[in-house]
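Two complexes are shown next, each including subunit A; its partner changes from subunit B in the first to subunit C in the second.
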Partner chain A sequence: MTEVATAPAVPVAGRAHASLARLVRAELRWIFRRPRTLVVLGLLAVIPVIVGIALTLVDSPGPPGGGDGGGESLLATAGGNALVLPIGTLAMALGLLLPLSAAMAGADALAGESAHGTLRGWLLGPVSRGRLLLVKSIGVAVFTVTATVVMALTGVLTGLVINGTGSLFTLSGTTLSFPAALLKVAIAAGWVALQLWAVGAVALAISAWTEHPMVVLASVLGGVIVFSVLGLLDALDWLHPFLLNHSWTDLGDVLRDPMPGGALAEGALRAGCYIAIALSLAYARLSTKDG
Partner chain B sequence: MNPKKRAVTVAVAGTAIGAAGLAVMAMPAGAEEAPELPPVSAQELVSSVLRADIPALAGNVRIENDLGLPSMPGLPVLDVESARVYHDGDEGSRIALEQGSSELTVVQNGGTVWSYDSAENSATKLTVPAETREHRAHAQEGFSDPTSAAGQLLDYVRQSSTVSVDGTASVADRPAYELVLTPKPSERTLLREVRIAVDSETRVPLRMSVLTNGTTEPALEIGFTDIDFGQQPANLFQFTPPQGATVTEERPRAHDERMPAGAIGEFSGEGWDTVYTGTVPADLTAAQDTEGRDVQSLLDRLGKRVSGDFGSGYAIETKVGTAIVTDDGRFAVGAVPQQVLTDALAQR
Partner chain C sequence: MSTSTQVTGVDVAEAASTPPVPLAARTRGLRKLYGRTVAVDHVDLDVPEGAVLGMLGPNGSGKTTTIRMLLGLVRPTAGQVSLLGHPVPEQAGHALPDVGALVEGPGFHPFLSGRENLLRMAAAEPRLATSDIAGAVADALERVGLADAANRRYRGYSLGMKQRLGLAGALLVPRRMVVLDEPTNGLDPAGTREVRAIIAELHAAGVTVLVSSHLLAEVEATCTHVAVLQAGSVVAQGELAELLESGSPALLVSTPDGTAAMEALRSKRIPSRLTPGGVRVDLTATTPPEVVAALVHAGVDVHEARRDRTGLEDLFARLTQEPQGEVRS
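Showing the complex of A and B:
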């Protein structure tokens, strides 16, 4: 780990507060210099390309009757549609891959640094704990936004290369102009990023409580899987609105025209609630942590 | 405040806010208090509904069915749970049925009806000839005097049912009158009552529920969950098939072509216990569905064997109706108990 040397510079003693912008810049440099960050981003970028090519080569409309799974049946229509491809692959990746990468960022942010001993520098330095959490949250948030935007962009490009600009149409059959289509993709990407912030916030909270990044990864991933299973059980209807991934299948609503906003707004609110809970718990732990 | 105390405060406050937010979302929309509205008679209500033109609106319709239908493969229409409905107050309308992650859109503008299925990327254009539309317009002129039309309609309905205005309800946040049709005790039917909620201001029907004997929850309920009255963008009522879509053009079939020969049946009985009996067309009995199952095996799975004076066959029972298909190819359906059907079949 040669990067350890470039760890966020602890401000020189004597200066009471390091400027927030400088701390964030250092944190971002720290995140985006990690090889694994770049590898994950690269892999996410390739997914829409692979899906697009596969759908074009196979050219089958999918199993008859489709299915109820969010991403999977959206992808059935993505073959000839440059608008559905990016949003469909985002919906698919939101099932597991994107939460995994958000969890990875959250795990590295506190537990990872703890494991390497570099968190001590932060805790001993003249940086308030609230500010430390803010910097770490911004780091996770920027990473997840980058991951979503990268996927959306390669998705749009792949769709346009395969199907041309005429193929930007919604599930309601309305053909959209290029800017209108980009707006829809941006809405989808922004909504997905918000959901990932919620996952990342939970990861940060767990990260603050442990020194082992693997624990964070395992619990977030386990949580996503358990939540999906609970979501499938009709007997637990009353529990579903509490599950973060309850609204993840509603991403397809972006593709309808006019766009029904109710389910998406509810999903955004749910993510906000998770962020509030997780960040407050993370702050509580971090502020009482001994240097 | 020492750090520990502050940590606990922040943790408790943040968790409380978040949990409260989640709980609010999980809260089922409680039954709202019935709004106070000036009393109205059933006849006034029906005539005002007939008189009302549907104004420009946009709304969400929720379809809940608890019909007790046996699950039937290959009938995706039954999966529809919600639809978005738009109307321009004149000749244009748009309905979007959401089915999982795909959508079925029907756009009507004057004489042209487009339907588009996103799962198949296929569009169908149906042109209604001008004379058919004029014919319809004439039929509507029969209602030119809504008051007397309502009277005639009510007289007919009252032969078999009790019609009343049973209080008020709040549907899609709008005050509405509840019009209730109850079958007379002499009627032999599975249905207990049909309730129609009519918006108090625009007199647009907002919700219809069908209740069956022995249940408190409606067997079928179609109603707006939210509705906005007001001008809708004109482009909603235009449709251009997207790139790569399979487009088929259709003209409506003439009336006598619509029914395949041999399936002609007839109604018997009146009112709620009306039964439709007839003969199943031969080509349907021989038909196989996409997965190679024939009608016989489908009946085996859905129905149960019954026999009696009428012969023998399969009875398919749901909460709202019964159907019998006999082995010699006759059928009878109605919103009635099985006994009524076997009687009707025995008479044929």
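Showing the complex of A and C:
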């Protein structure tokens, strides 16, 4: 052995890992610089506008008090009602479009990064696998909240532009003040975001198991459809409380006055359970996965 | 985490026979199964501190798998890994901040520019203060010659530029160890020279470098140590110079009368064979002066006598083309 080993100028010692805030910032910059993200957000923003215009053209103001909760039936009452439009479009998009975008975020977060070989870069940083999952979950959560807020905002704006503030009727027939109406939209958006977070968490779990983002998208989408079908089968009503989207059609409850909270609370609890279980599975897989 | 003192991973039993060289990385009995395929088996690799260790081996010999286990990316089926004195993967987090790595080709996001990709990577570097990130990224880009292309999207990079960006990622922070898996893949000759220069610079600064390659000339030019992998096992490792001598030692003698030389040597029981322009003498049982003396005594003209050093290529061929080479697909 000729050369005596001398450690090179030891760099700024100390921290064993980069700060969480810095990782989250980097993650969010990555998410919101991705062209796909921006396209999806743009499309989601346009949907309420299109729906609002279409309803105005058709001009069929439905009777207040009608509608049994489903997104489509909600929309029937949205014409001429600035409050129903944002919540109705959220309910409609919650059927498929919003879960799809949440699944996309979850798919890109782990499987997409694996496929590009970029997950390695962070693992070698090093970012521990627990922190990695935390950062990824925050990223997915921020994206789903953004998607919901964007839709709700354009929905509110479109409703106001088309119908004005004098048209804030609930499904129960009462009229709301503008702040009260905004509060209802915010409650609906928050609830939808929570449901989407659950979808995103499931997507993350699948994402941890595969290197193919398409597998994640297909599984989540397939799952949503299968769950919807199962939800329609009365013979399986014992199963229904376990289906994530069982309470998705109850979003219309927000539009009633006073607001019946039972179904919504149950839905929120269900979403919470899904999040806890899915993130645990994701961690179990990620912590033992070959990177 | 201080300096190299705790890095010594040499067992007491071994310390008796080998000089206690501090090891930057060390594996013992490393084994990895993928399903029923044995990717790596019985790998005992020693990477001395400050060395430039070239890891050689045919495709599929387990170089990358070994490197990934060394870095804690892959969990070994059996065996121990220690990296800069820390057991891996259990405490990889303590070692990795001081290790820069380019593994399995560069991995970056196509829609981001080279600079943005590196910024994202740098965010995960514990040794970088947030305010130093931009500067460190600019320096790394400069160092690999990508400063001009830094703001172009990664999507449009050539293979060589991608490889350079990967190298820049490994060099973001001053390291104690740098691991480069096939660093010259896709590089033009100028790029290959630059990589060599970078490795030499790192070596001069005392950084341990582990570089895997199948380009023998590259390894011969840059490495102090070599480990040869074949079918998932280390078949040879040590200092490059020693390994090159380790083949059957021989003396090449140029003489106009080869046949006379062979007869003279045969009478002294020294094995030799005829080569164009002279004889090749086996030195296993004798020394060069004895050979030359025997020839001169017998009146054979000796124009030149020199040691026949095995090129790395010969060594490699000998080590990797033995029958066991057929086992792996």
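Heads up, the rule we're going with is that the second predicted complex is superposed on the first by the 267 of 291 C-alpha atoms of A that agree within 3 Å, B and C clash if a C-alpha of one lies under 4 Å from a C-alpha of the other, contacts with A are read in each partner's own complex, and residues count from 1 in each chain.
By definition in this document, contacts are C-beta pairs under 8 Å (C-beta built on N, C-alpha and C of every residue); 3 or more make two chains touch, one makes a residue touch a chain.
Just so it is clear, the model here is predicted, and its values are computed rather than measured.
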Which superposed partner A:Pro126 touches (first subunit B, second subunit C, both, neither): second
First, second, both or neither for A:Ser177, with subunit B first and subunit C second: neither
Touching partner for A:Leu281 - first (subunit B), second (subunit C), both, neither: first
Touched partner set for A:Trp238, first subunit B, second subunit C, both or neither: first
Contacts of A:Ala76 with subunit B and subunit C, given as first, second, both or neither: first
Contact residues of subunit A, present in both the subunit B and the subunit C interface: 288
Of all residues in subunit A, those that touch subunit B in their complex: 61, 64-70, 73-74, 76-77, 80-81, 129, 163-164, 166-167, 169, 171-175, 238, 241-242, 249, 252, 256, 258, 260, 262, 266, 269-270, 272-281, 283-285, 287-288
Residue numbers on subunit A that touch subunit C, as the complex places them: 1-19, 22-23, 25-26, 29-30, 33-35, 116-128, 288, 290-291
Subunit A-touching residues of subunit B, taken from the complex the two chains share: 3-4, 6-8, 10-11, 13-15, 17-19, 21-22, 25-26, 58, 60, 76, 84, 86, 96, 98-103, 105, 114, 116, 118-121, 123, 236, 239-245, 290
Subunit A-facing residues of subunit C, complex: 1-4, 7, 19, 21-22, 24, 48-51, 68, 71-75, 92-94, 96-99, 101, 103-112, 116, 119-121, 123-130, 169, 173-176, 205-208, 224, 239
